[in-house]
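The structure that follows is given in the form of structure tokens.
Note that the chains are named A, B, C and D in the order they appear, and that numbering of residues resets to 1 at the start of each chain.
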Amino acid sequence: MTKAKELGVSENVVILDDGGNLKAFGRMDGASIPTIEIAQNKAYTALFGVSTQDFFNFIQGDPSLLAGIPALPRVAAWGGGFPIKVNGEIVGAIGISGAPAVQNDVDCAQAALALLPDAVPAG
Amino acid sequence: MTKAKELGVSENVVILDDGGNLKAFGRMDGASIPTIEIAQNKAYTALFGVSTQDFFNFIQGDPSLLAGIPALPRVAAWGGGFPIKVNGEIVGAIGISGAPAVQNDVDCAQAALALLPDAVPAG
Amino acid sequence: MTKAKELGVSENVVILDDGGNLKAFGRMDGASIPTIEIAQNKAYTALFGVSTQDFFNFIQGDPSLLAGIPALPRVAAWGGGFPIKVNGEIVGAIGISGAPAVQNDVDCAQAALALLPDAVPAG
Amino acid sequence: MTKAKELGVSENVVILDDGGNLKAFGRMDGASIPTIEIAQNKAYTALFGVSTQDFFNFIQGDPSLLAGIPALPRVAAWGGGFPIKVNGEIVGAIGISGAPAVQNDVDCAQAALALLPDAVPAG
């Protein structure tokens, strides 16, 4: 949220545990209502094991995945979701949504991950 | 959460806005998985305008309400949910779940409301 | 399932992980269709931390819990669900449903738990 | 699962009966949480009567099917789901998900079907 304030944007910040259950959530004033769910879905999608933008690049190469994966109820396959890994194992995920530009969400998520000393830097 | 630590219990703490949308959430380590949803439901139920325990007392007197209201998907009509009111108007709600005793949830919710100087004390 | 065969009953056997996600499932021939979901709900309910029959005894004493808890979408608060604990911590849950008598489900769940040397004996 | 171990991947394995109801499920350690649902959806999709990859090829040729079918709640129209047929009749379906490559899921499903002597080889 510090990063979001710096960028002048309003974000929803979601932390899920490794089972996809909500661990922490915060919505900054001004973040739009539909982005509440999107932030949660980005975090859930990151539980596939890669960042949501990398995951989209992966599914984009296969027409059947491209048609089907984004239709799953808890999936949001665009930038702003990252797995949280410790020693190579997924321990949870972060999802950020709310800013006008997806890149803002990505920047805020990476700033949050940088606060976790044991977590692998977001690729 | 400070109150919960004092009581030696683990809680989920939910803040909803006046539209019933998630504003903030935190789960203390040790709070059980099913109580994540219950905390959210208590907060949602408090948007009826009274505390969840008072709301149960109200529906308990009418067999049709008692049969139907607890079956609603986002309702949890037992202690631990309170509306947040400013000048008599509902501006949101708090829901707490996770402790072994409902009274712990109530105590934590009231401790949280006491932190809001403008909010009406929970009746 | 060995215990169920011994008792001459057909069961659904569910193992959930500590996050409430499906880990293993098996349905014996003859187990009825609605009991598939019930077995899953019993396991989920056991994630509250006690056996489903003990959990029902707990909610039975409070009219508001008795009205509301059984209405939750993934709850089944009658015998046949047990948490799986190792060193006092919940690592998952087992749920059994399908037999004509609830006690059969309980007996099969306890027989399954007895196969886990590190798990606390089902109380 | 033997095939998955051989390939060094972690899979969810789902067997549905001819009514689309869960018959058996197993999740190997390391299979990601979102793939639990995908494996079930692949098996459900195979109840259309053909493998999920053949089914995608079929819907791909018709813009209205391509827009609508993948949006159905229990559909996953990409490789890894197969109907189980005996004497030309569908008796159930298998769905596999979890590996990094869809082809791994297909290979594991075909290895599983090969264990069923009466089942038609997956086309």
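Following the convention adopted for this analysis, contacts are C-beta pairs under 8 Å (C-beta built on N, C-alpha and C of every residue); 3 or more make two chains touch, one makes a residue touch a chain.
All values derive from a computational prediction rather than experimental measurement.
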B-C or A-C - the one linked by more C-beta pairs in contact: B-C
Length of the line joining the C-alpha centres of subunit B and subunit C, rounded to whole Å: 28
CA centroid of subunit A to CA centroid of subunit C, Å: 34
In subunit D, residues with contacts to at least two other chains: 33
Arrangement of touching chains [line / ring / star / complete / other]: other
For the subunit D and subunit C complex, residues of the former touching the latter: 19, 21-27, 33, 36
In the complex with subunit B, residue positions of subunit C that touch it: 18-20, 44-45, 47-49, 62-65, 67-68, 71-75, 90
Partner subunit A, residues of subunit C touching it in the complex: 17-21
Subunit A partner contacts - residues on subunit D that touch it in the complex: 32-35, 37-38, 53, 56, 60, 66, 70-71, 73, 75-79, 102
